[in-house]
Structure formats: C-alpha cells, structure tokens
Amino acid sequence: MDLIALLAIQVLYAIASLALISVGLAIIFGMMRVINLAHGEFLMLGGYAAIVATSHGISIWIAMLVVAPIVVGIIGVIVEMTIIRFLYGRMVDTMLATWGLSLFLVGLTTAIFGNTTVGISAPLGSFQIGAYRTSGYTLFVIGVAVVVLAGIFAVLRWTRLGLIARGTMQNANMAAALGVNPPRVYAVTFGIGAALSGLAGAVLAPVSGVFPTIGVAYVAKSFITVIGGGAAILSGTVSASALFGTINQIATFATTPVFGEVALLATAIVLIRLLPQGITGRFFRRGL
Amino acid sequence: MNARTLNFLGMGLVGVIGVAFLILTPRFAELDAVLELTIYMIMAILALSLALIWGYGGILCFGQSAFFGLGAYTYAIAMFNIGESTVPLLLAIALPAAFAALLGYFVFYGRISDVYLGVITLTVTLILFNSVNSTAGPEFHIGVARLGGFNGIPGIPPLNYPGNRTAVIDLEGMFYLSTAALLAIYFGLRLLLASRFGRIIVGIRENERRAELLGYDPRAYKLAIFTIGGALAGFAGCLFANWGNFVSPTIFGLAQSAQIIIWVIVGGRGTLIGPIVGCIGIQWLTTALGANQPSGSDWWTRLLANAPLVLGIILVAFVLLVPKGLVPTLGDFGQWLLRARTRRTTSALEPKQAEER
Amino acid sequence: MAAPLLQTRDLSMHFGGVKAVRNVNFTLAEGELRCLIGPNGAGKSTFFKMLTGQLEPSQGQVLFRGHDISHAHAHEIARLGIGIKTQVPNVFDGLSVRENIWLAATRIHPSGRVNDVVDEMLERIDLTGAAERLVGQLAHGQRQWVELGIVLSTDPELILLDEPAAGMTHEEVYKTAELVREINRSKALIVVEHDMQFIRMIAKQVTVFNQGSVLVEDAVENILRNPLVRDIYLGKQAVA
C-alpha cells in the first residue's frame, strides 16, 4: 500500500515535471507555430539564473519563482526581436536558427560557468510514507505545475490578453485588422513562453543540478510532449504529459531510469505515427 | 557558355583537384597533417550523405549522426567478432541502410510532415545515445565485443585488404582510401542525380503533389534516397571508427548532428560541392581556433576556441543572412557579374551601331 | 452497352459538419467532353480532388473503367490514366519548362524517345522559345500552358481541367478552346469553367453543381435557357 502511494507520487511528479518543462514550448509552438530548438537552453538559463541569484544572497524561493522567469523572459523577448521575427512562416529556418542559438548559449554558459554541474540543495526536507521516505520538494514541484497550468487556463479563458492571444492564434490577419499588433503579441508570447521555461528550469534545478548541456536532456522530451499533445496548448500538454509521464515512471520503476526515458521516447514516436495531429487533434479539438 | 558546359567544367575541375590532392598530399605533407586531412575527408562523406537527402531529397534529417554512429559501432562490434574486415565493412553500410529504410518506411508511409520528421529523427538519435550510453557494465556485450557504455569501445582493429587479415591498411593507406572514396562518392552521386531517378527526386522536392498527380509515388522515392543517405553515413562511420580506432556514444550526440547540418547549410543546399567545402572549412576553422589556445590566454581567445559558441553564431548568421549557403550564393554573384558585363558590352555597342545606321 | 469511362456512386465528402459534396452520381462515357459549372463553393474542386485521389471520399465510390478507385493513392490513379490541371497552376516552379515536361514524359516513354516527345510537346504548347526558362519566372498564362503540357505528356485517358481559361486574355481563351477540342478527338475531358463564352465554344453536355450536389444535367443550349440555372449562377454572371 505504501509502495503504491509512493509510486503514485512518483508518477504524479513525472507528469508534473514533463508538463512544466513543456508548457513554455507549447505556448510558443501553439500560438506562433515556431519550433524553438533553444528551448532546452531556456530551461538551462533559468537554472543558472536561480543559482546565481541565490549565491548573491537572494532567498531561494524568490530566485526560483521571480528572478529566473524574469531574466529568461527578457532573454526571450530579445531573441524574438533579433532572430525569430525575421523568420516567421519559415518553419524549417526557424528550427535551424534556434538550433544555432542553442549551440551559442551552450558555448556561452560553458565559457562563463565552466563545464561542471552546479547545484542548489532542495529545500523542504523529506517526509515519511509508511516505510518509505520521499522528498517534500517533489510535492512542491507538483504544486508549481498545477498552479502554472491553472494560471494559463485563467489567462486564456478570462483575460483580454488571453482573448487577443487566442484571436491571433486563430487568424493573425484578422487580429491585425481588429487593431491588435501581431509583432507585439508575438514578442510578448515568446517572452511568456521563455519566462515559463525559465521558471521550470529553476524549479527543477535542485533536482537535477545545472550544467551547460542540460538542455539536451530536456529538449526532446518537451518536444514530443508538445507534438504528442497537439495544437491545444493546455489540454495537449496535460494529456501528453500524463501519458508519457506515466509510461516513463512505470518503466523506470520496472527497469532503470535510462530505459524509462527510452520507453518514453519510443512511445512518443509511435504516438506521432498513429496520431500525426497529436492527442488533442484527435480527441479534444475545441480545448484551450 | 551555357549551363551544361559550365557544369562539365566544374566537374572536371573537381576531378583534377581531387586526384592531385589524393596523389600529392602524402608526398609533401607531414604525417599528422595527413591524419588531420583524413578526418576531413571522412566527415566530407558524411556531409555528402546529408547533402543528398536534404539538399536534393528535401528531407530534413536531424539525426544523420544516428546512421554515422550506427556504422561506427557496427564495424567495431563486427570486427572484434570476425577479425577480418570485409564483412564488418559491408555490415557497417548495410545495417545503417536497413535502419534508415525502417525509419523511412515508418515516417514516409505514415505521411508525417517535414517538421515532425525533424523531431522524430532527433528523438531516435537521443534514444540511441541514451541506450548505448548506459551499457557500461560487463553484461552488455555482443559476441566478444563489450559495448562499454559512456566509455566507448577502444582499440578497434583497423581495416585490412579484403581477404588478407594481416595486410592492415596503415595511416597513409587510410588517407588514400578516404580521399578516393570521397571522390568516388561525389562522382557517383553526380551520376545518380543526373539520372532519371535523380531528376524525379528533385521534381518531388520541388512539388510533391504535382509529382504524385503525374503518377510517381513520392514515398518510394524518398525512402530510396533516405536509405542511400543512411548507407553513406554508415560507411563514413566505419571509416571514422578506423581513423581513431575508437568510438563512443558522443558520436550519436546532438552536437554531432548539428555539425552535419551546419556543414550543409554553410556550403549550400542543392549542391554537392558546397557541403564538402562547408565541412572542410568548418572543421578547419574549429580545429584552428581550438588549437590556438596557449595557457593563460585572454578571454576572447578562449571564447573563440569554444566550438559550440562559434558554430552557433555561424548557423544563426547563415540562416538569417546567407540562407542559400556559400556555393549557390557565389554562383548567383558570378551570374550577376556575367550579366553586368554583358550589359556593359551591349550598352557600349549601342551608340556605335546607332552611328553606323 | 460498354461500361462508362468514369462513374461515381453516391459520392460524398464531409469536412467536420460541412458536406462539401453529397451523393453525387455522375457518369462520363468514353471520349466524352463534359463541362461542370456552378457557383464558387459548389463542390467542383472537391469533386475533382476525390476523382484524383487527393481526398479520400467520406462515402460512396468512384469507378474508372469499372475499377473502384475510391481509396486508391493519387499516383496510382494517375497511372491508371486520369490527369488533372489544377485551378492554381501546379507545376515545378524551380525547374525549367523543358525539365517540367520531361518529368511528365519520362514516366511513360522509354529513355530513347523521351527527348523527342518533349520537343514535340514544347512545340504544341508554343513554349519552345522559353524551354530553358524557369517556370516560376513565367507569366500566369504561360504557366497554365506548362501545366497543360505536363498533363498531356503523361497521355491520360481522362483529363480534368479546373478553370483552364482563368486569367487568360481573350486570344488565349480562344486558343485554349481550340486545344481542348483537339484533345477531345482522342481523350475524354471534364472541364470546370466559369467563362460562359468558353463553355459555348467547347461544350455539348453540361453538369451544373450547386451546394455539393448535381442540380441538373443537360445539353448546353438547354442549360443556358434553364431558369433554375440562371437563378443560382448565370443570374449573378449577367449582373456582373
């Protein structure tokens, strides 16, 4: 029984962390049809931002939940204005340019921080489930994921910004005709996507540590979650995270973490083959 | 001078330079320079494999390093088990080709769009990297060959002359082999692309729907070209395993895949010579920048020696500023010059003709 | 009586809740020339896409010489002998005119003959002078001719033409009508067109589409007199 509870928490954690690392990408892909291959590096930068901030005496909570998103969000806006803006509608070129950006960021952080793993210790200690112990931080990550997803839902559903965003997503020309400024919407969207990635990177930093090439570990997983989920940002991310997270965790539990990951990636490939439009393309077409 | 003559002239030039390079280099260059040039040749073969499937087939493969790595690993494992290199060499071509065919069947017959193809090939590469990386323990072996996980496989026996396992191909021999193979593959691909099959491939890249409505099955053609690309990359991997007598999982890494893409985009899609030039140029550049780093050098030399940083800037700059790549852009420039000259000569003639009238 | 060249049975196409084509029963005899008319959105292009395998019908059947091709791939249907010239010129823009024609001709002609066939076709569509130019650089009307040349080069039994006269000058329209009649001496054709003058030049039998189904099918003189057709279609044209 305790084991099942533990496993349940682990599965929830896997789902939550997948959703966290993917949601920024989902916003950028879903709203702008931009495949950002530097996404993993945005997460990595979030981790570094949090670590640098804590080492300057800022509280770890502020560093993770405020500093990291702001820093990476600003970087995102700069990237949009200097690179992405010139490549709209050229999906493959955007992919290539953001891949270049990813290499550049890896090189830059290696030059600054060196090619070693830095960590911050996870706050919140651990607690007991029967005979097993698990970290309280796990529950915190799950909580952050829930809050982020709920926040996105609220913004998309009930605010003017969300309405504009959904309008632009449906038809950029129409939105422009109604007086919305698409370049600004895109810059803001990209910034928000980057900020959420920064947040995710910072929140996961105590778990995995941070090093310049950590983005590689994130990028494929977040991509297949987004593509597996399909066009709808929220329901897509949630459903794909749920599927992949569960498979990953169960396979990890049965074998090793490496094969858990392999199982996740293999499932994703099969899913994309079966449902090229993603889960929401097939089942929840009208979702957010 | 029309395009056809220019084309033949270009091919002749490549042939002459290539053969001269093949014959002269070992006579005049130091051994370590020959060794360095050998790896350039091997990587140029890898560049050609992507030039073919991306530049001509229009298939953007982010995982070309998967076939490369598979070729290298296949050769290493087969070599430890067999000891004579003929079969390992053939396997190192056949296995990646078969893998490419399988993956290609899955993707093309599943009608998966270009963008997802990139993501799928990237994912497959990561799966291979993760799996091979985690095989460090002694329980992971194929025959007598231990996979070695993240440590890689050291001490891979070199190629030998077919049938004679004691007649090993030495370093100079490797140079001859790699350079000759590159030349043969270059001209082979030129022939292939000039053939009916090659022209249909280009037609499909230009307009897949139209090709289909004319009665060609794009899936079959794409599968064929993708398989050929996989075979070439596998062959390059086999040569690579020979060159350093060592393979490790980084060969499957994203950094490796990114490099191949950069070679092709810098050199130019839709040409064969471009990616070769791009490959050799970029390799030379990263080696030169990386080697030029005495201890205690200032920060910007260190920054320049940082390969990902430099490659990243190059990739972004080319996509934004020279999206066609060097060779096609130079070609356009040359044509523009030619036209400008013709314009000048005709405009110079006109007043004279007017006088004559 | 021999089987018709082309026959559809209850052919329908639904996009989500929208029925673009519904229960179309259409028959074309060997060697026939048929015009399809109807207002925009009547389902003519969707109908063509189902005939050529670009869309899989939601329901119903397409029979070509008695073979069921409803679920065949586009390239298989092309090989059976249905060629299509689409509404927006669908050609290989990055290749020369000669290469365009060559790509089509090489599918059916042996390599020894294919260059002669290409030269003949270039003459026929009057583009010998522009043979080495990139198709993407040609004028709209010329690109229409290139596409026609491509389609004819695969020697199909049935040719579908989607608005062949659109965007053409009066002279070009006349030339196209001439060509269509010439083609019809050996092939069957279905032509979608809005230009009534063009239809008068070529048509005998006309099928009128409206809102996804066949409204009426009759000889061209009767169609032009039919008040129902005028209402939904010609009325607007007459005003314009």
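So that you can tell them apart, the chains are marked A, B and C in the order they are listed, and the count of residues begins at 1 in each.
Following the convention adopted for this analysis, contacts are C-beta pairs under 8 Å (C-beta built on N, C-alpha and C of every residue); 3 or more make two chains touch, one makes a residue touch a chain.
Because the structure is a prediction, the values reported are computed rather than measured.
Enquirer: If we define chain centres by averaging CA atoms, which chain lands farthest from chain A? Would you check?
Expert: Chain C.
Enquirer: Going by the contact definition up top, give me the pair of chains with the most C-beta pairs touching.
Expert: A-B
Enquirer: Whole-Å distance, chain B centre to chain C centre, using C-alpha means?
Expert: Using C-alpha averages as centres, the distance is 43 Å.
Enquirer: Express in whole angstrom the distance between the two chain centres, defined as the mean CA positions of chain A and chain B.
Expert: Here chain A and chain B have centroids separated by 33 Å.
Enquirer: Would you kindly tell me how far, in whole Å, the mean C-alpha position of chain C lies from that of chain A?
Expert: That gives a centre separation of 49 Å.
Enquirer: How about chain B: which of its residues touch chain C in the complex?
Expert: Chain B reaches chain C through residues 196, 199-200, 202-203, 206-207, 209-218.
Enquirer: Can you list the chain A residues touching chain B in their complex?
Expert: Residue positions touching the partner: 35, 83, 86-87, 91-93, 95-97, 99-108, 110-111, 216, 220, 223-224, 227, 256, 258-259, 261-262, 265-266, 268-269, 272-273, 276.
Enquirer: Which residues of chain B touch chain A in the complex?
Expert: 60, 106-107, 110-116, 118-120, 122-124, 126-127, 130-131, 133-134, 253-255, 258, 261-262, 265, 299, 302-303, 306-317, 319-320, 323
Enquirer: Which of the residues in chain C come into contact with chain B in the complex?
Expert: 52, 54, 73-75, 78-79, 83-84, 86, 90-95, 99, 102-104, 106-107, 111, 150, 154
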